[in-house]
Amino acid sequence: MSLEVVFSSFIAALDAAAVGVFATTGALVASRKQMDIFGFALLGTVTGVGGGTVRDVLLGRLPVFWVEKPAYVAIALVVSAVVFFTAHIPESRYRLLLWLDAVGLSLVCVIGAGIGLDAGKGAFIAIVMGVITAVFGGIIRDVLGGESPVILRREIYVIPALIGAMLFVAATGAGVDYPTAAAAGFASCFTVRGLALFYGWSLPGYRPRPGRETREVAPEPAGGESPGAPSDEATARAKGGAET
Amino acid sequence: MSLEVVFSSFIAALDAAAVGVFATTGALVASRKQMDIFGFALLGTVTGVGGGTVRDVLLGRLPVFWVEKPAYVAIALVVSAVVFFTAHIPESRYRLLLWLDAVGLSLVCVIGAGIGLDAGKGAFIAIVMGVITAVFGGIIRDVLGGESPVILRREIYVIPALIGAMLFVAATGAGVDYPTAAAAGFASCFTVRGLALFYGWSLPGYRPRPGRETREVAPEPAGGESPGAPSDEATARAKGGAET
Amino acid sequence: MSLEVVFSSFIAALDAAAVGVFATTGALVASRKQMDIFGFALLGTVTGVGGGTVRDVLLGRLPVFWVEKPAYVAIALVVSAVVFFTAHIPESRYRLLLWLDAVGLSLVCVIGAGIGLDAGKGAFIAIVMGVITAVFGGIIRDVLGGESPVILRREIYVIPALIGAMLFVAATGAGVDYPTAAAAGFASCFTVRGLALFYGWSLPGYRPRPGRETREVAPEPAGGESPGAPSDEATARAKGGAET
């Protein structure tokens, strides 16, 4: 097999793994929201193929990858169904989601960067593509699943993807073979993200900031730190106070 | 007229109807949020052409259909304006939205599947395309309109679209003529969705799940069932309690 | 230099300015949410290039503009970093965001309309493209940043973009040279939006509407006027009352 064929198979396998992992995180969000099996299938599939879909659209690789290779969708559907029938074991589900998401993040930052390189637009675009694709999987999941978007929570989330994509692109640029470069990219991303998860670097701190106009067009609560849509909180708190 | 021309006209007419119906649901959401007429026009149009736009982008049918045939946008704009000037009759507006959405869902699952077939990627992709396009009309509307996304509410929503698309694809595969197959797909989707609406199968049940870590990165309220962004509710409730 | 080259450079310069301005608004939203520097970079960049990206995808101009010219992404990244290191000066940050957003809106409605004209799909599509691209920059920022989408707040926001795009398209259609037409479009949009901001035309009024079913699939609070996701407010208020 030529190197190109090997790399293609390698990317395809990684892509399949990433689709499965992200589909799992989508399905786990569906389980948190107690959706039905079709909600699982939809959110799992959209999450599973979302990052790669954005990547393909931005690069003009159309039809998107899963239209050409429907097996990816089948993987996402099967994974979602499996999660549906097993995820009612409640404990540590959320923890699992975070770690699986870390695996997906690490895979996708490398895959996105690799396909970015493949597009021949240079190292910078390759890295940007790696980061954006890696992060958009989770963003689409969170927006459609009604969760606070992952970029809103002050976690160490973007930087691992950036490090993974940069290392992968730098390594391939330095002549390292693709599998090794990809492994290095994956490992660096997963390590940073894993440390952040393990040591709880992701926990947001509270920092009140006085002296802002709070009731303008889009009101801002006194503590902008809380996850979710703080304006509702502010309104609700005000209302709650008024009605007490 | 050749069969192909007939089918093209048929799809175009269905597409126009679907655009109008979804634009109406978008405009009704705008009315619920008491937007101005430009908000109506924007939300109505985006909703009206949103599903087909996603479909076209994923398949690489670019520019998207309404750039080629601006009449679709004009339909959406006119419909939105009509809703703006008539929707202040309050009663049963939300009920109407649900039923119109059911009509749109039924049209779009067939149209999406038909164009998916047209793309020559096989029956599976055609069905997936039908489901995803059908559901994304409502999802875009809900995300932009600040509503709880339709897939979050545990309704019988995805399955009717799936049934409609499958029946349509199976029928055309079995040699049934396009209009009949489309009618069967529409009818089956609308029947299932209509029954779900009529008998209230859509109402979500409450199922508390104890023993989860609730205040991690993305907190989860005690009852994950409530529509909207539950984290805000949890925060607001906590605050409300604290301030009482 | 031929007129075409001049226009190309002109559009490129405007595009760069718009990217920078929208990136600033994205980064300011990131500062409101106290994200880290990578959150700033991501939200700033996505916001900066979001409108143009949607425009390019819809028109099939792929890869999107910033893949071809990565300098746009670099601009957005630099701007986001600058905001990160300077935006902790709290006062009037939100005001600044609104006015910068107005500048971005005015630039982008003209740029979008210009590229719409360029696509040769006629004046109507050019105007629609101008409006949609102008408004989607802010919409993407708000959705990803967890803010209430700008079209939800009953502001004078869509109409300035519409006026700017229409004036620009009409002027070029009437034979006015591109720079003049673009300046007229920009000025008209900015004037209308600026007046709306200055005189507070954007403030939403409260209009209760009795007699609606409020606790159906997607509940609606008694006062649908409040920004953000009203269902949460309603729920929170109810809970707050119950716990008192």
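Residue numbering begins at 1 within each chain, and the chains themselves are lettered A, B and C in the order written.
Heads up, the rule we're going with is that a residue touches a chain if its C-beta (ideal position, glycine included) is under 8 Å from a C-beta of that chain, and two chains touch if they have at least 3 such contacts.
Just so you know, these numbers come straight off a predicted model, no measurement behind them.
Interchain contacts join each chain to each other chain, per the touch definition above.
On superposing C-alpha atoms, the copy subunit B sits rotated by 120° relative to subunit C, to the nearest 5. Rounded to whole angstrom, the centroid-to-centroid distance between subunit A and subunit C, based on C-alpha atoms, equals 25 Å. Residues of subunit B in contact with two or more other chains: 57, 62, 143, 148, 228-229, 232-233, 236, 240, 244. Residues of subunit B that touch subunit C in their complex: 32-36, 38-39, 41-43, 45-46, 53, 57, 62-64, 67-68, 70, 73-74, 90-91, 93-95, 98, 143-148, 153, 155, 202-203, 226-229, 232-233, 236-237, 240-241, 244. On the subunit A side of its complex with subunit C, the touching residues are 57-60, 62, 119, 121-122, 124-125, 128-129, 131-132, 135, 139, 143, 148-149, 151-152, 154, 156-159, 162, 204, 207, 209-213, 216-220, 224-225, 228-233, 235-237, 239-240, 243-244.
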